[in-house]
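Following this line, the structures themselves.
Consider the two complexes below, in which chain A is the common component and chain B and chain C are the respective partners.
Up next, the complex of A and B:
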């Protein structure tokens, strides 16, 4: 029984990865004259989506418990605004500012987690309140946009880590080696750590157990409430951390930032094979979910005349496809029971 | 026991992290030759037939990537159309257009993609003023000139962009004041005391700051600015503020609205208060932007004059690109030509000829 479930999930993950590969190859063929094949185009997927990768990873973890967190987009905006405000208006250094926002993220997660795990309030409602609160706080801190000029922060944001190979000469005669920013390394680090926690620790397995069936998790002697609380604390921390990475990309704080980010994270997780009903999910899949979204966006900009709203329509089609696929798998599983 | 387990996990986590990093860097390396192969595989067949023609065409055309804010207003749509009709293949351009859906992160992505496509010029109408250093540095490194349209960017190093093209809001305000002066003189009210109120735009927006400043520059000694409040560029807020103005000040001669939408609200408020406005009425209404609905309002005799905020940046940007192509240097600040329209003109006929 357990073996079968695993196979099904791995199959879903495989489809996601395959879909990404197929899309990328299509891009290589269609846009071969537009330098789509460059390593940098691939790396840009990570550079532009570093924050979203972290948020999607943390969203996956929450979804596995059977919960949801729609506050993350607002928390990202609040984090950016706090960082900008502390560094530019209050003269706080970059390092303490980052530590402060991460602590705020943890507290945010603690409060949401407590309400969800111990007072048994619907995660959707709790994080809906969290979403309004964080967006509101962002506006309270400053309705005007703040540009980050802190030198240390900008040096993190702009420090290019060049690859020693794969360079190209562009038509202006400039040699450019492929590069990434530190934010990409940090995002991948988060991905790997969460992956390992979910796969190899007792805590990770209890997250799956809680999401799979709360009653049997209780009967197995797992502390369901504490597990959930911990997940939301980590989620709060990662939301703030994702916000920090997002801020490294935009270097500014303003109220409208990262609107709809939570939905992009959920879409990424679902395309990656995570079930909203809980118990099933994989952060690697979510990474590919995000990369698929990024690839569609790249298609649109390379194509150059299509409306960018086609991104949303394609995502919708993919979501529908994966949801149907998942439900077919669930049906097949039930039959074998 | 627990501690031991934890330390094992941590150790494996660290090792795996390092391995993870290693594979992350080697993976693209492995992928790259493969993609090259794929590209090479795909080319030979078509190369013979297509390549020379394609090469020639792309050599001739100047490729321009335009990262537009979105499609939130008629003004914006007219701006987009202006670019699409200017940067055509007949004119020697290829336009890559991206609608950022009002999101800065989308614009940053679009600019990165333009850099990879090796466009010749990048044009950006920034969603927000802040946070552009990183991506502009990337464009600079690739040697691609960046031209800003409509809104300014707040960057510490202004060599990051070539120039800015947009409306001169201060001049629009000054023009409005000058128009009012002549209008009053024509009516024989040149030395009368004139009571003015202003419905300002969203405080801090460049249109608000510039228009307020410009109008203040053109104030005459016999004019009194009774009050200035923000109507946040919206019709409903404009109406609300005008209602309170009318209650507070019984003798308003002129209302200056910093965009057309607020003027429509103000006109509703004036009518609701039992007063009249327009060329035949008690209160003179002046507004900015000159959208299509403003012409309707002038035809109806409610609005006196509107001062254009020209969205047709395309030709001006093309002009700049031609100069840069010729190796000339260009001015950092480039204003587009703007005019005004009032009820003494044949507004119905003018409306027919306008793009927005």
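Up next, the complex of A and C:
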């Protein structure tokens, strides 16, 4: 019976996955007349949250080091605005524009990482400044909304990758297969890469070590500062990349874009079992955290009469549930000791 | 060491030196850029001017910063829900006073009832945060994330997603002027909260307790302090401050917009605490520092407005100033600087030998 004994954290992940499954089944039962069961509805969860998945993954990594990054929402907005501005106002091609924003993301992460790892300023304050900076920069570039009309960029955004199965027959008798956009593939790729890095590389394990106990990590001979710096550089890159994927969805840039993204990412990570104290976390959990948020939104769209604020309230209730559960687990663990 | 140097060193070692310096710098830039900055004119028996505007607009921030300082000191964490709680308190107040209607020209309930309702909501929200942090031992940011997410949602639920207007002159007084008083009312509200808090901290041992709990909660419990209760009380107090701030915000525009009231105020409040030279890790704290920090932020904002920077672009400059200020306050920078100096000093010595 030893195999069945789960660690507390794995148990939390299991609960998250189960909750998602239960919610989806409830959706299937309640909205069975509204085609909730179609594979496309499930895939839409990924399509509309591709950017958020990437952000939540990078947030998880930062949270594991014991840090936090609340600048990501603003960086997403800045990325979208920069992309739109470069392609529409400056006539820069789609490929160089994307490369430029990714480089900017890396530089952004480098500066934040330096301030956090080397000057030892609290991550919250540094990334708060980063948040102000990126949001303000977005406004400096343009206060008006810019729509993207670049053909190459739009072709990336609208390229449908059809599944060979799971289709349904519409009224005219044509089979419509479910599809995803390339952004989903890229988001899932990021998820898998970060998962592998965290689980199987020396760098990944040292991230956990630094977050678990900085002093011990230092005594073990790990370069704590460099590890943190690297994490924030990757985080900056992924924030810009997430912004790019987000932009593929919206195809426009404006100042108010992606507001509150950072908190959605943190909420997703927390629901997925990541502890903000560091040392504990899993990107798969964060994926399910984001999917749960997506499912609630889908519910509200399908239901039709509920107002949008119910999303916030439900997410908060779920957050409360998971947070209290986590704390109960932590308490039980302490007692066992 | 000469006498002047000694005084200088003494001055720089004074813990409020840096916060004061920052505020002075911001004000100095103003004097150069806008010579009329300190000019105060009297219109209709009330004072007008940039500087009055700064101390007026900073009032909510000062009140929130007071609550935030205690929370940071006692728990080493931040309460990120204060902005949302302010909006919720404002929504409840307007809802009570308007009796559920969207726009009213007279109170549907006594004014005092609205005020008490707003404060009660603030206290309840604060108590919930306090319960999670102190009793359930949840990290403060995560615990307050719940109300951060839900607060505005519940506020919208109460106002039904609409703006509620209370077009009564009496209602506007808290956010504007009382007849015959030349200074804006929010200034007095802020001063009142600061003085009451200071008295609570200085005249009782509460300030010392909070500090002790913040430095080491376990040790504090072992010497007989009820750490849980003290942390719980700071969060409750912070909630009350958020409720009062919410009242002022609503009164300024005699309406509540659940989506935008007090937006990003939590960030400014945390910033004020950090600018005041307080460690966000808890323990020793300075209420005066936070208050100066709050005025610095508002002075900066008003300065930028006076210089013609648009509201959307202000965050960029705010961010740059914040990074410079917190970098200057970082002891690590001093270490790096000393290392560089040592290196160069050694180089010089070597050259002499050669």
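One rule holds in what follows: the second predicted complex is superposed on the first by the 326 of 337 C-alpha atoms of A that agree within 3 Å, B and C clash if a C-alpha of one lies under 4 Å from a C-alpha of the other, contacts with A are read in each partner's own complex, and residues count from 1 in each chain.
Please note the rule applied: contacts are C-beta pairs under 8 Å (C-beta built on N, C-alpha and C of every residue); 3 or more make two chains touch, one makes a residue touch a chain.
Only a predicted model underlies this, so the values are computations on that prediction, with no experimental measurement involved.
Asks: Identify the partner contact of A:196: answer first if only chain B is touched, second if only chain C is, both if each is, neither if none is.
Replies: First partner only, chain B.
Asks: Using the touch definition from the top, say if A:307 reaches chain B (first), chain C (second), both or neither.
Replies: both
Asks: In the superposed arrangement, which partner chain does A:249 touch: chain B (first), chain C (second), both, or neither?
Replies: It touches chain B, and chain C stays clear.
Asks: Tell me which partner A:188 touches in the superposition: chain B (first), chain C (second), both or neither.
Replies: The first partner, chain B, only.
Asks: With the two complexes superposed on chain A, say which partner A:42 touches: chain B (first), chain C (second), both, or neither.
Replies: After superposing on A, A:42 lies in contact with chain B but is clear of chain C.
Asks: Check whether A:165 is in contact with chain B, with chain C, with both or with neither, and answer first, second, both or neither.
Replies: first
Asks: When the two structures are laid over each other on chain A, which of chain B and chain C touches more residues of chain A?
Replies: B
Asks: Of the partners chain B and chain C, which touch A:34 in the superposed model: first, second, both, neither?
Replies: Once the two structures are laid over each other on A, A:34 reaches chain B alone.
Asks: Figure out whether A:150 sits in contact with chain B (first) or chain C (second), or with both, or with neither.
Replies: A:150: touches no partner chain.
Asks: Both chain B and chain C touch chain A; at which residues?
Replies: 307, 309
Asks: Given the complex with chain A, which residues does chain C contribute to the contact?
Replies: 78, 132, 136-139, 141-143, 145-150, 152-154, 156-157, 161, 267, 270-271, 274, 280-281, 310, 312-320, 322-323, 326-327, 330-333, 336
Asks: Under the touch definition given earlier, write down the residues of chain A that touch chain C in their complex.
Replies: Within the complex, chain A touches chain C at residues 68, 115, 118-122, 124-126, 128-133, 135-140, 143, 255, 263, 266-267, 270, 275-277, 307, 309-313, 315-317, 319-320, 323-324, 326-327, 330-331.
Asks: What residues on chain B touch chain A, complex-wise?
Replies: Within the complex, chain B touches chain A at residues 9, 12-13, 16-17, 20-21, 24-25, 28-29, 31-32, 35-36, 38-39, 42-43, 54, 58, 65, 94-106, 108-110, 112-114, 116-118, 128-134, 137, 141-144, 154, 156, 204.
Asks: Residues of chain A touching chain B in their complex?
Replies: These residues of chain A touch chain B: 25, 28-29, 32-44, 47-48, 144-149, 154, 157-158, 163, 165-166, 170-174, 176, 178, 181, 185, 188-189, 192-193, 196, 200-201, 246, 249-252, 254, 256-259, 294, 297-298, 300-302, 304-305, 307-309.
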